[in-house]
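In the two assemblies presented below, chain A is common to both, partnered first by chain B and then by chain C.
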Partner chain A sequence: MAFDSLRLHLSELPGAVPAWQGQTTAAELPDICHAVKVQGGRLAALWGTDEQDHGQGYVLHLALAKPEGMLWLRSALPADQPHYPDLSPIFYPAHRLQRAARDLLGIDAQAADRRPWLRHAAWQATDLPLRHDADAAAVFEQGGDDYAFTTVVGDGVHEIPVGPVHAGTIEPGHFRFSIVGEKVLRLEEHLGYTHKGVDKRFQGMALAEGVRLAGRVSGDSTVAYAWAYCMALESIAAAAPPARALWLRALMLERERIANHLGDLGYLGNDGGLAFGLAQFMRLKEDVLRMNAGLFGHRYMMDCIVPGGVACEPGREGLEAIGAECDALEREVHLLKDIYDDHPGLQDRFLTCGRLTANTASKLGVIGLAGRASAQAWDLRAQARPAPYDVLDARMKTHKNGDVAARVIMRFDEIFESLRLVRSVIEHIGAGEIAVPLPDIPSGRMGLGWVEGWRGESVVALESGEDGRIRSCHAHDPSWQNWPALAFAVFNNIVPDFPLINKSFNLSYSGCDL
Partner chain B sequence: MYQLLKQIVRVGIKTEAPPQSDEGLRLLNQRLQQEILGMFAGSLAIRHVDAGSCNGCELEIHMLSNPYYNIEALGIKFVASPRHADLLLVTGPVARNMEVALKRTYDAMPAPKLVVAVGDCGCTGGIFGESYASCGRVANVIAVDVAVPGCPPTPVALLQGILTAISADAKG
Partner chain C sequence: MISWPGLIAQLTEILLAILLAPVLLGWVNQCRAWMQNKSGPGILQPYRTLRKLFAKEAVLAHNASPLFRAMPYALFACMCLAAAIVPILGTDLPFSPAADAIALVGIFALARVFISLAAMDIGTAFGSLGARREMMVGFLAEPALLMVLFNASLISHSTSLTTIVEHLAHVEFVIYPSLAFAGIAFTMVSLAENARIPVDNPSTHLELTMIHEAMVLEYSGRHLALIEWSAALKLFVYSCIGIALFFPFGIAEGGDAAGLLLALPALAAKLAIGGFVMALIEMISAKMRIFRAPEYLGTAFLLAVLAMLIHLLLGS
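Let's look at the complex of A and B:
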């Protein structure tokens, strides 16, 4: 198995994805992480939970991914001194994840960067909102919000502060550009503005209800999160949804990918100065959304995936309509791709712009679409292949250039592949039930969900509590890994290219502000 | 360029005329234009603020600009600065980390100004409610003229909400 060489006592978690769970001491973590990294693995998620109500301290959770599967490691930390070794020298994404865990729970990697991440002014360093003894309804006394940005000094260097309220219809976050002339010397991101206390909100919710909240971690990836949550819950219940439900979940996930990629291609054309592209692609996206509304009852398929299966059944005629839509979309997108490819002005904006080299992407642990555009070959659908991808034979697309053009090409390629997969689902899907009831779930069980959404992987780690409620649930968005990459991609580019580069990543704020 | 022009001609105009069979909707478009003409001299400028949404509502606000809804043809446009805006479109429960930014954006708008709270979260706090991190509904932070429910509200519902806000203002 994937993590044998670590010589840990691991237990395999039941469920759709290959996943193992084990315990280790905090002191052993650097060696384990290093070994996983040497074997080609990476950090998928890092978070903490409070176990003091069980007479223990805290637990630091790590999700480590390899192409073959996921390792969920738990390390107990003492209540009086919840410290653990800084893992950011091994895994770059740990930088912000560790700071977030410290803000919410006080567990401390004692890294050099002592600045908060999610904590702005809404609570103070001594308030630890994720602790069990912190009242969910409590409003803390406001702290100060004086985030210390890194200052770049030199002749002619000045700063442009942008946000949290941005000029377009996008989510809030702060970008601090240090520039000389038009050239970006440094971009520092300050996120956390949309922190809504999702982890705390999960606590005590009914297990069956949690899927609605998971589906609202990042609205553009609602299908991916709902599936990941259900996968975790079904792992706990050791119950598999009916085959037809799994086919329909894959159908929805690929339709979510198609819709988002269509929208992004429109906006990328627009940001490159070709408004024609926006009008054309948004028209196609609207057609997809209307088909969703007709067949699934919701334009974005929110709440269509439920524990034990799916909540909606498009029927034979619906599937035929989707098949016909695939054929039409394929023709239309090919036509628009030719126009994009042949447009010198657009290609001039795309090519070499916002380049993230494969080497940098690898060091940062970049994943998902942006990772694949920089030769980072991670796609769960083609690697761990949770059902029904074990039958679907998804073909991973990658590119080596890592510029805006590569991320545009990735979206075209992935739309065509998703259209192929949707057709394949329609060929394979059989009749049958679309949901099974889940058995009563005892407390103290843990399950993992892992789904390749359009942006990258969504990870959900769930622990059951008493009376069919959630003890803890943590959702991880691929944007955690990819936001730092944006700062590297804009380096040495000009400020006016930032919107284009940013759009080419199209990362979620809500997904990682939680 | 030939292919591009050919595509434009081939696709034609997709913008949906006010449907004759749906009296409510037809009325909506006409009233919208009249109200805008009356109140804002032919142009309503909207500033959007995401105060903590899951980004679902943003997806639908984007769709208002697609060729089917073609909101700009109705004289409504989204602007980059609150100083240019007549109406503030706010999504999300208001995250406490966004409370100050939202108030400042509102204060920066010239009077008369309207606020439309968008989505179940904007209306009630939604699934996130009120907590250490969330102020709940938009009305808990700034004065709201109209609240449009939905998770997320459809583009048509959003248009209706914007119309209602303008009508309410006309009466007041």
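Let's look at the complex of A and C:
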């Protein structure tokens, strides 16, 4: 067992991914985290829940990941003084996660950084919207928005504020650059503009309904989130979806990856000034999306994964069409890859631009595609291998340069690998049912969903309540881990290269503002 | 001597430049769209944009100085003046003796000073960012442009544009190697000066990357319309300089109406080809890192100097 050496009393959670759950006190957390880190583990998620309606205080939840599985730690915090030790010196991503938990719930890591993270002017420091007695429909009195950015001083140093409203149609986020000339000395991100109270909204929803909300946490990863949610719910119900449903889920997940990578490659070319690349890759992406719409009823395959299975059956002809499309895509992407590879102007922009060294990436706990481009070997599909990846044999690729070029190559590599996996799915898939009804679910059970989406891992932690409703549900986006990395990748680059570097990460705002 | 036909030809030329400049821009954009397998908005789209902008209210920052307000008009006037001294259809231009090739570069520099000062006027980060990038590109592009013009001057022994064109249009058809080098240098400079790829991206949505667009971010309504129109005019004038220096054949000598009428289709054809080539260059190149611009413009300068050396050493 992956976490044996921690000497905790752990119970194994049933389900598709190897996961364990345990209780601990807040005081023990730093030691446990340290031990996990030493063994090569990392922080996958951190959030809090309010248990005062059960006559207890708060609970701090930690998801710690190792290649072999995930540990879900719960530690109770007293209601009158919900404090716990600062974990950010051990796990860098804890910085923002702890601040977010404090804004929502008032649980405090007592870290040095007292600034809010999610809370902008929309509510006041005394309002804690995730507490059980907070009215979900309440309109809060507006708070102040005087976020104290870290200032850089020196001769000729000045700031450029960018956003939250941008010139393009993208999500809102604020970037504060401290620059001298064109050189970036510091980038500070200020996110949280798309906070919409997803955790609160989950509470009290019917368990079967929750998948629809989970699928909307971050639209470009709807398959990953829906699957993660269903995995958590199926873990609670101790029910396994039929084999064909699992194959179809993997098929959709890989198609989601292909579509997103195609789009990103197009935009990366465009941000390098090569509009040809955008036109060509968007054409290919559009073909994938249209086939999705035809076979699954939705361009991005939203609501196609449901608890107990999948909602749509492409049929034998549909699968054949997908296989044929794979061949065509492979051919065209190879052609375009050659053009990108041989384009001196584009390669000049990509190479050495926005470098995130393996060392920095490891310290920051960077995961997913951006992590693999900086030699961080984390890919759930190749490591914990939840079904059907146990049969599919996904091969993980990593690169060590960590620059924009590496993230571009990663995308090409992953497209080809995903095309191979899709073909393999079509080969392996057998006839049969696509969904089974889930049994009634008792209250107080917990389940974990963990899926490698195109950007990185999506984690969903679910607890069932009375009458088949959700007691609490938390969705974690890989962007939490990777946003801080962007600031490090931009350091010492020039301002005009930022859009390209940003696009090479292509992180979700919605997914971590929640 | 100012003659009536000359005056008419001169006025026709300025009006023509002002009215036709957006078509050239529309044509380049249309070619870009075609090359991307898109249907494109049509070559008349810039006119629609201008109409839309003129109909809109102009919004000014509270701290905008009179300079900020005056800039669009000054810019437009500069470009009209430039159009007046460049032989577009004919060489009988009464305004031409007033300003030669060096003055032309000066007019572009004046426009640049206005637009950069206005960009810094409001005090936004993007304006200043754009202004200093523009200055960097400008101070590298101007010497290269001057060198190109000197090349032509050396051949025709005059810095007056009309004389240069008359001379080049009338010589026996010979290929000047020096002009070939100068032509490449001029193409590179005009891409940089007109905020095109590979130096700037006219269709950019990336606020941190742009040069020209960053400077005019704070403008709206009729002010923005004039700036857009000036940009189209600048592209038109640059194209006409290129045509006048390197492909003057077909231009009307003197100011007779028949010659001017015949020169018009020749000009249209040359502009269409030039616009297509520009779109093609933009389509196959990526935008450079901004600090590659000095190398790029340095190369242009070097080519222009080489052209001059070739002329002086080989006399061709």
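Note that in this section the second predicted complex is superposed on the first by the 514 of 514 C-alpha atoms of A that agree within 3 Å, B and C clash if a C-alpha of one lies under 4 Å from a C-alpha of the other, contacts with A are read in each partner's own complex, and residues count from 1 in each chain.
FYI, contacts are C-beta pairs under 8 Å (C-beta built on N, C-alpha and C of every residue); 3 or more make two chains touch, one makes a residue touch a chain.
What you see is a predicted model, and the numbers here were worked out from it, not measured in a lab.
Student: If we overlay the two complexes on their shared chain A, which of chain B and chain C does A:A167 touch? Say first, second, both or neither.
Tutor: Both partners.
Student: With the two structures laid over each other on chain A, which partner does A:M302 touch: chain B (first), chain C (second), both, or neither?
Tutor: Once the two structures are laid over each other on A, A:M302 reaches chain B alone.
Student: Identify the partner contact of A:R283: answer first if only chain B is touched, second if only chain C is, both if each is, neither if none is.
Tutor: both
Student: Looking at the overlay, does A:G447 come into contact with chain B only (first), chain C only (second), both, or neither?
Tutor: Neither: A:G447 stays clear of chain B and chain C.
Student: Give the label of whichever partner, chain B or chain C, reaches more residues of chain A.
Tutor: Answer, by number of touched residues of chain A: B.
Student: Per the contact definition in the header, classify A:T194: touching chain B only (first), chain C only (second), both, or neither.
Tutor: first
Student: Going by the contact rule set out at the top, does A:D342 touch chain B (first), chain C (second), both, or neither?
Tutor: first
Student: Using the superposition on chain A described above, determine whether A:P18 touches chain B (first), chain C (second), both, or neither.
Tutor: Touch status of A:P18: no partner.
Student: By the touch definition above, which chain A residues appear in both interfaces, chain B in one complex and chain C in the other?
Tutor: Chain A residues touching both partners: 167-168, 276, 278-279, 283, 343.
Student: Where on chain C does chain A make contact in their complex?
Tutor: Residues 32, 35-38, 125-126, 129, 197-198, 201, 203, 205-209, 282-292.
Student: Which residues, counting only chain A, touch chain B once they are in their complex?
Tutor: Contacts found on chain A: 120-123, 127, 129, 134, 136-140, 145, 164-165, 167-172, 192-198, 200-201, 212-213, 216-220, 222, 263, 276, 278-280, 282-283, 285-286, 289, 299-300, 302, 335-336, 338-339, 342-343, 508-510, 513.
Student: Using the touch definition up top, name the residues of chain A that touch chain C in the complex.
Tutor: Of all residues in chain A, those touching chain C are 158-162, 166-168, 182, 269, 271-276, 278-279, 283, 343, 345-346, 348-349, 353, 494-499.
Student: Would you pull the chain B residues touching chain A in the complex into a rising list?
Tutor: Residues of chain B touching chain A: 3-4, 7-8, 11, 14, 48-63, 65-68, 78, 80-82, 92-93, 95-101, 105, 126-134, 151-152, 154.
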